[in-house]
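The structures considered in this document are given below.
Below, chain A partners chain B and then partners chain C, in two separate complexes.
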Partner chain A sequence: MRKLTVIFLLSIPAIALSGAGSKAVGTAVQERIIVGMATDANGLGDGSFNDGVYAGLKKAEDEGLIEIRLIEPASMTDYVPNLSGLAEDGAELIFAVGFLFYDALLEVAPNYPDTMFAGIDLFYDSPMPPSNVLGINWKEHESGYLAGVVAGLMTREYANRSDKLNDENVIGAVLGMDIPPVERYFVGFTEGAKSVNSDIEVLSVVTGTFTDQAKGKEATIALAEQGADIVIQFAGLTGMGIFTAAQEKNILVMGADVDQNHFAPEYTLTSAMKGTTQATYLTTLDFIDGNFKGGGNAVFGLAEDAVGLAPFHDFDFVVPSEVIDAVEQARSDIISGAVDIPQTRDDAGI
Partner chain B sequence: MNVFIELLNAEFLIASVRLATPIILASIGATICDRSGIVNIGMEGMMLMGAFFAAWAAWKFANPWFGVLVGMLAGGLFALFHAWATVSLHLNHVVSGAVINILGFGITRYLLELFFGHPGTSEIIPHSLAEYRFAIPLLSRIPLLGPVLFNRTPIVYMMYVVVILFVWITRKTRLGLHIKAAGEHPIVLETLGISVKKIRYIAVILSGILCGLGGAYLSIENGNSFSEGMTAGRGFIALGANIAGGWTVVGSLIASFFFGMVDALALRIQVLGVFRVPSEIFLIFPYVAALLAVAGLVRKSRAPRALGEDFQIERSGT
Partner chain C sequence: MFETSKSFLVIRICTILFIVIGIVLFLGSRHIGLVFLGAACVLWLIGEVLENGKKHLIEVLKSGFKTIRLPLAGIFLAFFIGGIFLLITGYQPLKSFGAMIYGGLVKNWHVSILNAVPLIFTALSITIAFKGGLFNIGAEGQYYVGTMAATWLGIRFDLPSLVAIPLIFIIAGGCGAAYNAIPAILKVKTGAHEVVTTMMFAYIARTISSLFIRFNGGDPTLSAHAYITDSISESTWLPTFKSFLPQANYRLHIGILIAVITALAVHHILHRTRLGFEIRAVGLNSFAARTQGIAVGRIILITMLLAGLLAAFAGVTQVLGLDHKMFENINAGYGWNGIAVALLAGTSSIAVVFCALFWGALDAGGQYMSRTLQTPTSIVEIVKGLILFLILARYLFRYFRRKA
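Moving on, here comes the complex of A and B:
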């Protein structure tokens, strides 16, 4: 009886963690290229990577270019079978969403040499992936740079345009774990701010977590106490804390990854975004045109319209046209190559 | 030296109180549970349940006070599961506690999808308890301590009440005596005609209610939404605080506040950038502090004698 109880107790989390069961959806249209999509455990409806990739594929499907085969895992152990299943189902290109697919892709891809695999947010360098695997990444430093331009100008030159801005030439950033995409965002942000405001002070806190709202809030408050009146977050769910901190300290904040304005519309100046939709759509087009090249990584940035700044929303009348012009200038300088943004602290010397 | 003077201001102490509050609540919960003889390592899971249901109720009914109530209830009900597993089914306490933690994370994540339709973060609650911050007249005018302790938000005040209440319960009441007896000599208690089972159930559920309140603090007072895994290890820090505090309410309070201070300090030193060292050093601050505190203080304290021991009375027919 006791043993049974233990088994019962231990089985509950497995069921609870699994979320929605596996399901495959597809529409039967003949003679279209079948493109598979394997979501991570969050599945569709995560308001983030999964939804973004699906929207990109949907766009291609609506244009009559492809047919989508979608599969959502019950748990992480389904990653490998899901990928294999899609390949055997006749998918010619398969999108695997999220960095947890790193090993699963390397395991499955060699078995299906005729199928191409695209790993969203996966970066392969050593060893390089098989020739049918492509890692898809973003130039976070480019959207960080644009956010930095806005923050750098607003905190000093246009500080009189909002009662939430102070006289001090200080801005801040709350970082999650110090992983490469976070570092790229932060370095870009710092460089962008310095490009328009050379003696600005950019403070930062590494919280070491992507889930701790309370710590994100305290980090923001600590930054505000040192005079930061614009704080940006590159910290996932930890970054949720900056919105409550903004209300408490009456400062402005910026979101990351997607437009986070709705979390605190009166305090959110803009967000530094990276878009999966456009990157997925472009990758699919490349595949159709026969330009898909595996064995390495593809990086999407401003030039592809895959990263950028969110609208200012309520701050449309606060942000002066000079700032918007400066952002446009920076955007075209980055695209033309006139501005080269470093991607690591070492390169940037900060 | 100036740097340290700059650090030790009222703002720093306020941040310490904010960071310590959920830990204090959970560690007092752990204390009360452990004193009854039931090991509780499931605070993390119970806090998560409290945090989730508090945010859900505060959002659904647009009333944060209702959120507090539902959060405490959820923590208590979830703890009932631990009580049932350990007291009635005689399951190993640590195993059950581990299940509570895993389950707490899994269930809240699952319900987040079910109730809000997406993982990650819940909707923003319309009103948070932070709106109900108020200064206690007279007390809040005490220099330094006044603004730090007596110009705070509701759950922080509730935490003060909890501390006083539980010091009183453990020291002055019959229930407190019974709880302590259940953890030291359960057989004596049983022979006096008092059900050890009942006392332990009460203690475990009380601990769940306190954890639920701690979780509610995170989601509807300090924050304004629930996000996956938002307790971020505070339940485990509370476990350390309870042990470092020598299984006493006041000890837990002091140890938890110490951990809150270390957390606040680590963030501030990083912001000031006085030491040019890798940020990882600051991240391990609270854990090193917990380790040192437990290692340094635990020898002087003694765990309840019957802690973790199963209590079973043979009765015919059961």
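Moving on, here comes the complex of A and C:
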């Protein structure tokens, strides 16, 4: 015991010295705008919103525009103190990631009127948020539409270009819970497919969950057996199941939210992307330029390059240039307003 | 032992009164509260001397020092090892721990206290069971039951606060106790071990809570109401310190007072009543207790019911005081962390309060450290784990010394 105590006491100055030595690091950069980021309880490494937002901030930091203050909570009790703590410690713009921050933002924001808050995936309508809170959302229907154009053309006109495509004019979609963003994705996908292939049949399965891969796989197999040769997923983790199902049924699939090509490169045609990274980056730039306006919601779409299609990767030589031209045409039509995509099934009449 | 002289009683009451006043004032951000706490300490010393004489007091202090010596060494050693981890991974240990202490004790001390409130209750639950020779490992489940009961009642009650809040405490506490009655009866009747049964019951309660949230306003299709119940009615909110001491932090609620009073009550029950004596007797040696004419089965049942009640109180204070609604997947784990706190406190119900505050301060300070210095919060978990390991090593140490 005594020996231990001696070692312990001796090592205190050792640590103290090493601490003093490295003190110079970290104080070099000042004057930069501090941008806070409060993750939800999942923290970084979720492969989704938290990582996406962090990547957007990192991009701005690497350009020397901001300094990131990241905080991952230990539990939901920390949401409010983390937001107010970031504000008190000098963050001028704070990103709160995920819908669980809905109430926390409304509680904290009025206390710090000089700090701006951006809520990722939060949609405020009634009541409208305080003037320093902005809900950030995406036009999922636009990226769904582009994916629909690709699927609609590939399944019939260019079916001979891949052995994984069949003669039937049928495609499918696996949905998670039928929440508004998922509905927008799906309606956009259907409209896109019909715009290039008017008698196409678009099948869908609502699994009712975002976390059950087995259900996603079952749904994909069911769709394939009904003749669908291209299946897209809008189902979060449930959608991971389509990649295993694709290998089993030898069909093509499409990912969602981020480029999911790496899950099954030989079967993944493309992905309908929703760019948290770009939206975060743009919001940060807006803030730096003094254009950040709270009190409502910001919606990011093709025009901001915040949604879109992932590269075709292995399918670069399979997808003909006509399809790529059609996608480009659809993209410019959407941006110019020539094409107006419905956002609900009721509007689309499906 | 059971006789109490009048002057002694007066001093004891004054001590408790001073402690309460001191804590209230301090929590209301008035530092004069510390004077009251100091006075309470002096009063306690006088009380001890009057009751048992000077020699006894010195004995008590000596043994007190002996009991905290090893845990303190363990805590320092844990921080030391944690510091080495930080050093290896390229962070600055002194600066980080400095920020942690500053955040937990100075800057965000109210968060430390908010963190500690549910931990005190769950740790008390585990402590009282431990004294009775039982391991109530499923306090998490009883916590969820208490949370659900409190939310259900809170949404529906439209009564004045003075009626509603005590009623919710009683009913929700009763639900927690009833939930723990099943493992208790299984233990008494069939001998099924409570470690297994209460743990399984914890998972049942946690799973039921998702359903409960759906039935009480949770709607995953709305971002405002995703995995969250409706708010409880405002008359059932626990008063905050801000409502009578305007300087106080607006989130700080009186749950900490309830927790401290509960801790004192548990201490009183365990050490100054017949029931407590019987619980401890059963815990020390149930065969000996039986030969002394104690109904062991009945005591086990009562102990488990009390444990369930206390763990449910944790959920009640959390809902009524802080959240005002129930969340799904809160990731809080107050039941599990309560075990750690109870072990750290060495099954003393007074020490539980301090250990819970310490645990809460570690969390709050860790968040502050991470926020300002970008040191990852996982270091807090490492330090916590090391502390527990070293504290348990204390038991090992003693065990081996006894053997040798």
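Basically, the second predicted complex is superposed on the first by the 322 of 350 C-alpha atoms of A that agree within 3 Å, B and C clash if a C-alpha of one lies under 4 Å from a C-alpha of the other, contacts with A are read in each partner's own complex, and residues count from 1 in each chain.
The criterion applied here is as follows: contacts are C-beta pairs under 8 Å (C-beta built on N, C-alpha and C of every residue); 3 or more make two chains touch, one makes a residue touch a chain.
This is a predicted model, so every value here is computed, not measured.
Chemist: Contacts for A:Lys215 in the overlay, against chain B (first) and chain C (second): which applies, first, second, both or neither?
Modeler: Touch status of A:Lys215: first partner only.
Chemist: Between chain C and chain B, which one touches more residues of chain A when both complexes sit on the common chain A?
Modeler: B
Chemist: Looking at the overlay, what does A:Gly85 touch: chain B (first), chain C (second), both, or neither?
Modeler: Second partner only, chain C.
Chemist: Mind working out whether A:Phe263 is in touch with chain B, chain C, both or neither, as first, second, both or neither?
Modeler: The first partner, chain B, only.
Chemist: Applying the touch criterion given at the start, work out whether A:Phe99 contacts chain B, chain C, both or neither, answering first, second, both or neither.
Modeler: second
Chemist: Report for A:Pro110: first if it touches chain B alone, second if chain C alone, otherwise both or neither.
Modeler: Touch status of A:Pro110: no partner.
Chemist: Could you look at A:Pro311 and tell me whether it touches chain B, chain C, both or neither (first, second, both, neither)?
Modeler: It touches nothing on chain B or chain C.
Chemist: Touch test for A:Asp178: chain B only (first), chain C only (second), both, or neither?
Modeler: Once the two structures are laid over each other on A, A:Asp178 reaches both partners.
Chemist: Taking the superposition on A as described, I'd like to know which of chain B and chain C A:Ala74 touches: first, second, both or neither.
Modeler: So A:Ala74 only meets chain C here.
Chemist: For A:Glu248, is the partner it touches chain B (first), chain C (second), both, or none of the two (neither)?
Modeler: first
Chemist: Once the two structures are superposed, pull the chain A residues common to the chain B and chain C interfaces.
Modeler: 12, 16, 19, 178
Chemist: For chain A, which residues are in contact with chain C within the complex?
Modeler: 8, 11-12, 15-16, 18-19, 22-23, 36, 41, 68-78, 80-82, 85-86, 89, 99-100, 102-103, 121-123, 177-180
Chemist: With touch defined as at the start, can you tell me which chain B residues reach chain A in the complex?
Modeler: 11, 15, 18-19, 22, 85, 89-91, 95-96, 99, 102-103, 105-107, 109-110, 113, 117-121, 124, 128, 130, 218, 222-225, 227-230, 232, 263-264, 267-268, 270-273, 279-280, 282-283
Chemist: Chain A touches which residues of chain C in the complex?
Modeler: Against chain A, chain C makes touches at 76-77, 80, 83-84, 87, 92-95, 108, 111, 114-115, 220-221, 223-224, 226-228, 251, 322-323, 327, 329-333, 363-364, 366-368, 370-372, 374, 376-377, 380.
Chemist: Can you name the residues of chain A that touch chain B in the complex?
Modeler: Checking each residue of chain A against chain B gives 2, 5-6, 9-10, 12-13, 16-17, 19-20, 42-43, 45-48, 172, 178, 203-209, 211-215, 217-219, 221-223, 225-226, 237, 240-241, 243-244, 247-248, 262-264.
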